[in-house]
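Order as written gives the chain letters A, B, C, D and E; numbering starts at 1 within each chain.
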Amino acid sequence: MTEALALDLALLPPGWPLVLAGLLAGLLPIPIAARNVGFLGLLASLWLMFMAGGAPVLEPLDAALAIAFHLVAGAGLMFAAAHEDRIAIAAGLVATGAACAALASRSLAGLMIWTEVIAIASALIVMAGGTQAAIRAGLAYLLLQVLAGVLLLVGIALGSDGTVTAGAFVLLALLIKAAAPPVHGWLIHAYAAASPTGSIFLSAFATKVAVIALARLFPGEPALIWLGLAMAVLAVIPTLFESDWRRLLTWAVVSQLGVMIAGIGLGTAEALDGVRLLAIGHVVYATLLFVVAGALEMRGGKAPAGLRPFALLAALTIGLPGLAGYLGKAVIGEALIDAGLGWADIVIVVVGAVVFATAGLRPLVEKFGTPGGERLSLREGAAALLLVLAGLALGSFGGALSPQAEAAFHATPLIVQGIALAAAALVMLTPVRRLLRQRPGALGALAVPMPSWVIGAVQGFGRVGAALDAIGGAAAGLIGGGGRLVGHAAVGLARYVSIGGVGDGVLWTLTVLTIVLIVSFG
Amino acid sequence: METLLMIGLLAALGALAVAIAFMDDLLVVTMLSGIFSFTCCAIFVLFDAPDVAFTEACVGAGVSTVLTLAAIRLTGRREKRVGRRASAVGLLVSTVCGLALVYGTLELPRFGDPAAPANLHVAPHYLNESAAEMGIPNVITSVLGAYRGYDTMGETVVVFTAALGVLLLLGGSQSRPLHRGDAPARADRDVILRSVATLFVPMTLFLAPYVQFHGAYSPGGGFQAGAILGGALILYGLVFGIDRLNRLVPERVLQVIAALGVLTYGGTGLVTLALGRNFLDYDALSAGPTGQQIGLTAIELGVFMTVTCVMTLLFQRFASRRSEP
Amino acid sequence: MTTADLMLTAILLPLAAALLIALAGRSPNLREAVTLAAAAGLAFTVWQLIAGFDAGTAPTIALAQILPGFTLMLRAEPIGLVFAGVAAGLWGLNSLYSIGYMRAEHAPRQTRFYACFALALSAAMAIAMAGNLATLFVAYEALTLVTYPLVVHWQTEGAIAGARRYLAYLLATSLVPFLGAILWTWSAAGTLDFTAGGILDGKLGDGALTVLLLLFAYGVGKAALMPLHGWLPAAMVAPTPVSALLHAVAVVKAGVFTLLKIAVYIFGIDVIGRGVGDVLIVIAAASVIAASVIAMTRDDLKARLAYSTVAQLAMVTLAVAIGSPLAIAAGILQLVMHAFGKITLFFGAGAIQVATHKKKLSEIAGIGAKLPLLMASFLVGALSVAGLPPLGGMWPKFLLLEAASARDLYLLIGCLGLSTLLTLGYLAPIFITAVFGKPGAEDPHALPHDDHGHGSGHLPLLALIPPVVTALGCLVLFVAAPAILRFVAPAIGLGVLP
Amino acid sequence: MIAQNAAVLVVVLPLLSAPLVALIRNPAIAGAAALVIAALDAVLATLLLCQTLDGTVISYHLGNWAPPIGIEYRIDLLAAAMACLLSYAATLVALFLPVSLQGAVSPGDRPRLFAAFLLCLAGLVGIVVTGDIFNVFVFLEISSLSTYVLIAMGAGTDRRALTAAFDYLILGATGATFFVIGIAFLYVVTGTLNMADLGERMATAPKRAILVGSSFIFVGVALKAAMLPLHRWMPNAYAYAPAAIGTFLAMTATKVAIYMLIRMSDFVFDTPGEIGRVNFAALLPPIGLAMLLAGSVIAVTTKDLRRLLAYSSIANLGLMLVALGLGGVAGIAAALVNLFNHAIIKGGMFATTAAVLHRRGSTRMEALAGLSKDMPVAFGLLVLGGLALIGVPLTAGFVSKLVVIKLAFDQANWLVVGGVLLTSLITVAYIWRIVEAGMLAVPEKPRPRRDLHPAFILPAGLLGAATLGLGIWSEPMLTLASRIAAQMIGTAP
Amino acid sequence: MSDLVGLFPYWAVIVLMMTGLYIVIAQGNLVKKLIGLGIFQVSVFVLYIAIGVVDGATPPILSPGFNSYSNPLPSVLILTAIVVGVATLAVGLALAVRIRESFGTIEEEDLLPLTMPELPPDGEARS
C-alpha cells in the first residue's frame, strides 16, 4: 500500500490547479483577484483534465462527474463572489480539486487523502457560516470526517495483512462519509448551519465522492440495499414537514444518497451506472436548488424578480424526464426491477416524487409570496443558469455516457415517473398540501444531534483531561511535599551533626572512636 | 616500693584531673594543672625518663602555667558554669570508651617487660651503638639530635610556628599595648620577691648554658636550656614588669633570634648537603663521632636560641596586652 | 570536503558562530547576520553530508577518550543525518523568526540569546552525529545547559521558576536514570558504540532489558514521557522562538532521537520487538492519550502546544517500544513531521502574541481576520500534527498503524485513532476561535484591540515568512516522505521501497 | 646535587625560608618571596615526580641513618604526585595571596602570614614524603599550627574566623593526639616507627594492640579528613579563613588526610584499603555516602558561597572515601582521580570566589547579584566549576564521578551507584543557587564592569582550564592514578 | 596480680585521657578546654614513657657499671610532643584572648549564638 500511495503521489493529481487556486484565493487579500483566480483555476483544471491528454485517467461517467463538479464550482464561485464569501470560495475550490483528484485516484490511500482534504475544506465552509451553530456543526463535521478518515486509514493499515476486518473499517468509513444513518446527522446540521454560499459547495462533493468510492469498492453488498432504502425513506419524511428550505434540502440530499446506496447494494452494472448518473444529476440539481434557496435566503425571504423561473427549473430538474435528475433514478429503478425488486423501484420513485414535491414544488408555491427582494444579480443569475443548462445537457446527452442509460427511456419508467410526478404536483398545487403542516426544524429528532454529541465528547475528554491534570497535580504535590519533608529532615539531621560547639565535636570524635573500637574488637 | 609509689602518683594524677574538671576558678585550675605537671615529672623520673621530666617541669609546669595565667588575666578568671547537655552523654561515652580501651590493653606487653617488642627492635641499636657512633653517653641526646635529628628540627619549627602564630594573633597590628599605669600588678614592690628573683634570674642564666652544654652527658639539652632561660626571662618580666622585659629583649630581636635558631638547625643540614652528604648527616662535618658531636652542638644551639626566644616572646605577647576591651 | 570534515564542520560551525555572535554583541545587525550566515552554512553542510552519504564509507572520528571505553566519537548514519537535517534546516527559519520576534518584543539580552541558540545547534549536531552513547550523553547534557539561558531569558520570577523546573527535570533524569542506564549498558555489553543490530542481545535477560529500556525511556527526560513531562510546559516561559527550538528543532527532538538511536543501535529493533518494549508500549500509549486530553484543558496557547508535544512525541517512544522496522520508520518520520508541524504552530502562537499581545485561547477570538496567511499556516501545521493528509504528519501515523496491526495491537490502533481526533480536538479550537470566533463573544472581559497599543495587528514580515515556509514544508514532506524512508531504510532493515 | 636531594629539599626549602620571610618587613617583597619559594618547591616536586614516574621509590635517609634507626623519606609515585599537588596549589595561591589579603590583614602582619603559609606548605609536603610515622606527626603539627593561625587571620573580615580556628585547634589537636596514641600502641608491640618496617613487623604482633592503635590512627586521620561526623571544623575553617587561604586549604588539607589514609592502609598495614586487621574499608562507603548526602544537603541551605563550597567539599570527600572503600587497584585509582580532580575543581572555584570577595567584599549569596554582568569571567569560572561538581560531561568532575560509578557498577554495588547518582541532583540544586544568584538576581545598584583582579586570572584561569582539560583529555590523570595504585598494591607486603 | 600491676599504668593513662577529653567536651570555657586538652596530651606522655620502662634498668645515660637501660626512644618522642603541646596551648590561648576581645566571652554557650553561620559577616577590620 505504501508503494501504491507513493506511486499515486508521483503524479500530480487532476484538479491540482483548483487546489492551488483555492489556496491563492484564500490568501489573496483582494476579493476580485480571488474570484478570478478561481475561474482561472477552473479553466486550467478542465483544460488539463480533458485537453492536455489527461482524459484517459477518467472513465466517461467519472469524467462527467468531474465536469459537473467544475460546473458546480463555477456556479458556486459566481454566487459566492456576489456575497464576498472568501473562505467559502477558497475552501470550495480546494474541495472541488480534491474531489476531482479523488475520482481519479486508483488507490484507497489516494481516496483517503483526498476525502480528507474535502472534509477539511468542507468543515471550513461550514464554519464560515459564522454563527455559533455553524462553528459547532463545523467542528463536529470535521471530527466525524476525520474519524471516518482514521477508520479508512486503519482499514488500509489492516489491509496490509489482508483481513476481513480491513474491509469493514473501510465500509464503515465510507458510510459515515456518505451520511448513512445513523450518522447522517452531521450532514443535516452542517449544511443547514453553513452560509447559503457554503451549502452550495457542500452539497456537491463530500458525499458524492463517498458514494463513488462505495460503488467502486462495495458493489453488490446486499445490506446496502436495505440501508439505502431505509435511508431514502427515513430522510424523505422530514421534508414533508420542514419549513426551512435549505434544511429541507439537506434532508432531500440524504434521501437521494439513500437511493444511490441502494443502487450500489444491488451492484449490477446497470445499477452502478445508474448510481453514477444519479450522482451527476444530483450534483447539478441539488446545487441548483441550493443556489435558488440561497438567493432567496440572502434577501431575507423576499423574492427578487427573476428568481422564480429558476426555482421552477430547479424543481423540474429534480425529476422531470429529460432533465438531470431523472436519468439516474430511472436507471436504478430499472435495475431494481430487473433484479426482481419491483417494490423497491416503487419506493424510490415515490421518494423521488416526494422530493420533487417538497423540495421543488412546494417552495415554489409558498416561498415566493413576499416579493421585494433585491434584484437578482448577474452573477447569481449566471450561476443558476449555468446549472440549469448543465441539467439540460445531462438530461439530453446523459444517455451517451453509459450504455445502461437507455433503460431510462423505456416506457415503464417514463410512465411510472410521470404518474408519480403528477401525483406530487397534484398534492402540492392544491390545498391538500396544507394537511402537511410545516414548521422549522420539524422532526429534528430524526437528525440525530450530532454536533452536540461531538462537542459533548470533546468536552468530556476535556473533563477527563482536567481530572487527570488534577490527579497529576495532587500526586506532584504529594511527592513534592514528601520530598520537602524528607529534605527538611535531611537538612535538620545534617545540620545537627554539622553545626555546634567544639565540645560536641570532640564528643563525636570520642563516640566514633568508641564505635570503631567496639566494632573492631567485635 | 616503686610500684606503690607509681600507683600513688598515678592515682594523684587522676584525682588532680578530676579536681580540675570540677573547679570553676580558672586560676585554681591553672595552679592545679601546674601541680598536675609536676606530679607527672615525678612519674617521669620514676619511669627513668629524667630528660622528659626536666622538660615537663620547665615547659609543662613552668611556661604553660605562666602563659595560661597571662591569658586568664585577659579572658577572665571565672568560668561560667552552665549545666551542659553534653556532659552526661560525654561522661557516658568517655566511660564506655575507657572500658573499651582497658579491654584493648589486656594483650599489651606488661609494664616494664624487658622482652616487650619495643625494647627489642630499634632501641637496642641506640643503646648499644650510640657510644661508638656518637661518643656521648646521653643516648636521648643522641637520638634526639642525630638519629632522629630531623624530627627535632621539625619540633623547633613547631615552636617557631607557635611564636609566629601568637605574633600574628596578638602582635603586629593586633597588639593592644598597655596604657601607662594599667600594667598588671607589678610584683617588684614586693621586696622578698624581688630579692629572690634577683637571686634566681642570674642563677638560671648560668644554669641554662650548663643544661645546654652538659646535655650530652646528663639530662638536658637545647629544649630544656631554652625553656630555663626563657623561664628566667619570664620571671624577670613577672617580677620587674613587662616593660622592662620588653626593653631588655625587644620583640624584634627575639623574633630574629628565634628565626636564626631555626636557620642554624636547618643550616647545619644544608651545610652537610653542601658537603655532598645527606641532609643532617653530621659525618660530613668531620669523620666519626667528632662530626656527630659538632653537629649536635650546632643544632642544640639552634634549638636553644629558638626555644628561649619563643618562650619569652609568647609571654611578652600575652603579658603586654591591655586587658580591658 | 570529506565526510569527516563535514561532520566536524557541522559541529564547529555553530560553535564558532556562537563565539562570533558574542563578539558582535554591540552590533545587532552584524550579530544577526552571523546567525543567519551560520544557519545557511550549516544547512549547506548537512545537506552535503546527506547527499554524499554512503553507509559503506561513512568514517568514524574519534575525538577524545574520557575513560577507556568511554570515548567521544562521531559517525554519520542515516537516522542522525535526518535529525541533523531537520535541525539545521529549521535553524535558519527559526533565526529569521527570532529576529522578527525579538525585535518586535524589544527583548533584552539578545546577544546571549543568539549565542546560546548557536550553541544549542552545535550540541544538537553532536547528538545527531554521535558515534556512541558516551558522545551522545555528553552532547545531550551540553544541550540541556546551553538551553537554560534561553529558557530563563525573560528572567522574571515565573521564568526563573520555569527554567528551574526545566533544568531540574532534565538534569535529574539524565544524571540518574540515563547515566545509570548507560553505565549498566557499558557494564553489560562492554562497549557503548552504536552498532547495527544492537549490542545487548544475549548480554542481559529480557526482564533486565525491559527495565533497562524503561530506564532509558525515563532517563532521556527530553523525550518528555509522562509523568516526567512537567519540564516541557514549564519551559514555556521562554520566548516563543525558544519554545519552537525546544519542541521542534533541538531539545525534545533530541530526546526522542536518542531513544530511536538506542532502540536501533543499542538494543536492536528485533530485541525490543520480541516483548522487551511491551511495558513501554502501554506507558507511551497512555502518555499519548493523557497528554492529549490535558492539552484540551489549557487556555494558554503555548501550554496547549506543549502538551501536544508531549503527546506527539510519546508516539516516537511508542514507535521505539513497538520495535519493528516499520515502527522505527514511523518514529523517524514523526520526528521530522512533528518538527515542521509544531514549529509552524509555535511560530503562529508567537506571531499572534507579537501582533496582538494575546496568549490565551480565550482572548484570541476573531484575530484571524487580520492574519490570514498566518492562520492558514497555523491550520496546515495543526492538521499536519494531527496526521491528516495531504500533509507530512500523516505518514508516521499511518506507518504506526501498520506496525501496530502487524503485531495485532488492536487497542493501540484505537488509541492512535483517538489521538488524531483528540489532536484536532485541542488544536482546531485555536484556529476556529481565531478565525471564526467573534471578538468578545467568548470572553466578555476582552478589551477592544485598540487598547493594546502599537502591536495590534501588525506582524513583522520576518515573523510571518517562517511559519508560511514551514507550513509549505509540511506539504512538501508529504510527498518527500518516501524519499526519507528510502534514505533510512537500510539502517533500520526496512523492506525495499520504490 | 639538587636532583639527588630533591626529596628533602622539597620540604626544607619552604621550611627554612619561612623564618626568613617572616623577618622581611616589606609585605610586597615577602609576598613575592613566598611566591618564588612556592614555585621553586613546585619545580622540586616536579623533579621528584619525574624521578618516580618509572616506578622508582626514592628512599632518602635523613642524617644518613638507615631505617628503621633513622628517619627515612620514602617517595613513591603517590608521594611525588601529592607533593606536586601541594606545591602547585601553593604556587597558584601565592599568586593572589597578597591581593586577596587587601583589607583583611594589615600590611605589617602579612610577611608573617606568608611565613605561616610556607610553613603550612612545608608541613603538608613533609607529611607526604616521609616514611616515618612519628615524623608524620611532627609535620602534621607544623601544618596544623600554621593552619590554625592562617584561618584566624580571616578575623579581619569576619570575627567568626577566630572561633573557627579555635574549634579546629581543639579538634585538630585531639586528632593529632589520637594519632600519637595510635603510634604508641603500634610501637609498643613492634618497636619501630618506620612505616615499612612497621608493616612487616605487625604480622607477628598481638592483634588487639594493633586494633586499638589502628582505631586511634583511623579516627585521628578521619578527623583531619573531615569524615562525617568529624567534619564540623571544616566548613567554618574554609568559610572564614582569608579567601586565598581557604583556597589553599580546600586544595590540600583534607587531601593530605586522605593521602594519609591511603598511605596508612598501604604502607603500614596488610591490605590496601584496610587499616589494621580490621577492614575499615567496609566503613568507608557508608560514611562516604553519608558525607555525600549530608554535605550536599547542607550546601543547598547555606547562604554563603564559601560555606557552600566547603560543604560541597565534604560531599566530594565522601566520594573519595566511597571509591577508596570499593577497594583494589581500581578503587585507589578512582579515589586518587577524585582527589586530584577535586583539588583542581574546588581550587578553581575557591580562587574565583576569592576574586569575587576581593571585588565585592562579601561572598554571601545576595552579594553575587549581577555577577554575570559585571564579572562575567568570574561567573563563567564559577559555573564551570559548578558543572564539574555536578558531574557534567567534558569536565573533570564527570570523569571523577564516572570512574567511581563504573567501578561500583562492575562490583554490582547498587547502593553506591544510586547514592552517587542521586547526590548529583542535590549538587545541581546548590550549584544552581549560585547560577541564579549570579545571573538572575537583580543587583541593588548596577556596578561598573570590573572583572577579576589580574592576580586571580592566572590561577583561576589555569584551574578552570584544567577542569575542562582533564574532563576532555583525562588520560594523563587516569594513567597516573592507576600507576600509583598499581605501585601501591605491588609494594604492599 | 602482676597483670593488674603490669597494666595499671595503662589504665591510669586511660582514666587521664578520658578525664581530659571529658573536660574538653563538657566544660564550656575555652581556656578550660585547653587545659583539658593539656591533660589529655600529658596522659599520652605518661603512656609513652610507661612503654619505655624496663624493669630494673636505669635512665638511658650510658655509664660504666650499668648495662640495662630504659628505652630512650619514647623519651625522645615525648620531648617532641611536649613542645608541640605547649605550642598548641600558646596558639590556643592567643585565640581565646582574641575571641574574648571580639565576642566578649569565651563561654561556648554564649559564643554559639554569636557564631551562627546565618549571621552576616562582622569583620574586625570594619568594626
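Definition applied: contacts are C-beta pairs under 8 Å (C-beta built on N, C-alpha and C of every residue); 3 or more make two chains touch, one makes a residue touch a chain.
Predicted model, so just to flag it, every value in this text is computed and none were measured.
Undergrad: What shortest step count links subunit B and subunit D in the network of chain contacts?
TA: 1
Undergrad: Looking at CA centres, what chain is most distant from subunit B?
TA: Relative to subunit B, the chain with the farthest C-alpha centre is A.
Undergrad: Taking all protein C-alpha atoms shown, work out their mean, then name the chain whose own C-alpha mean is nearest to it.
TA: Taking the mean of all protein C-alpha atoms as reference, the closest chain is C.
Undergrad: Please work out which of A-E and A-C is bridged by more C-beta pairs in contact, and write that pair.
TA: More contacting C-beta pairs are found at A-C.
Undergrad: Rounded to the nearest whole Å, what is the centre-to-centre distance of subunit B and subunit C, using the mean of the C-alpha atoms as each centre?
TA: Inter-chain centre distance comes to 75 Å.
Undergrad: Centroid of subunit A to centroid of subunit D, CA atoms only: how many Å?
TA: Each chain's C-alpha centroid was found; their separation is 78 Å.
Undergrad: Determine the centre-to-centre distance between subunit D and subunit E, using the mean Cα coordinates as centres, and give it in whole Å.
TA: Taking the mean C-alpha position of each chain, the two centres sit 26 Å apart.
Undergrad: Based only on mean CA positions, could you tell me how far subunit A sits from subunit B in angstrom?
TA: Those two chain centres are 107 Å apart.
Undergrad: Please output the residue numbers of subunit D that touch at least 2 other chains, ranges allowed.
TA: Within subunit D, the residues that touch at least two other chains are 134, 138, 141, 145, 148-149, 152, 166, 170, 174, 187-188, 193, 208, 211-212, 235.
Undergrad: Which subunit B residues touch at least two other chains?
TA: 84, 86, 90, 93-94, 97, 101, 103-106, 108, 116, 118-119, 122-123, 126, 148, 151, 154-155, 158, 161-162, 165, 169, 174
Undergrad: Which two-chain combinations qualify as touching?
TA: A-B, A-C, A-D, A-E, B-D, B-E, C-D, D-E
Undergrad: Which bits of subunit C are touching subunit D when the two form their complex?
TA: Its residues touching subunit D are 64-68, 70, 72, 137-138, 141-142, 145, 149, 152, 155, 160, 164, 167-168, 171-172, 175-176, 179-180, 183-184, 186-187.
Undergrad: Residues of subunit B touching subunit A in their complex?
TA: 84, 86, 89-90, 93-94, 96-97, 100-101, 103-104
Undergrad: Note which residues of subunit A are touching subunit B in the complex, please.
TA: Checking each residue of subunit A against subunit B gives 503-504, 507, 510-511, 513-514, 517-518, 521.
Undergrad: Could you pull out which subunit D residues touch subunit E in their complex?
TA: Residues 103-104, 134, 138, 141, 145, 148-149, 152, 155-160, 162-166, 169-170, 173-174, 176-177, 180-181, 183-184, 187-188, 193, 235-236, 239, 302-304, 307, 362, 364.
Undergrad: Hey, which residues of subunit D end up touching subunit A in the complex?
TA: Touch residues, subunit D against subunit A: 166-167, 170-171, 174-175, 178, 208, 211-212, 214-216, 218-219, 222-223, 228-233, 235, 276, 278, 280, 283, 293-295, 297-298, 300-301, 311.
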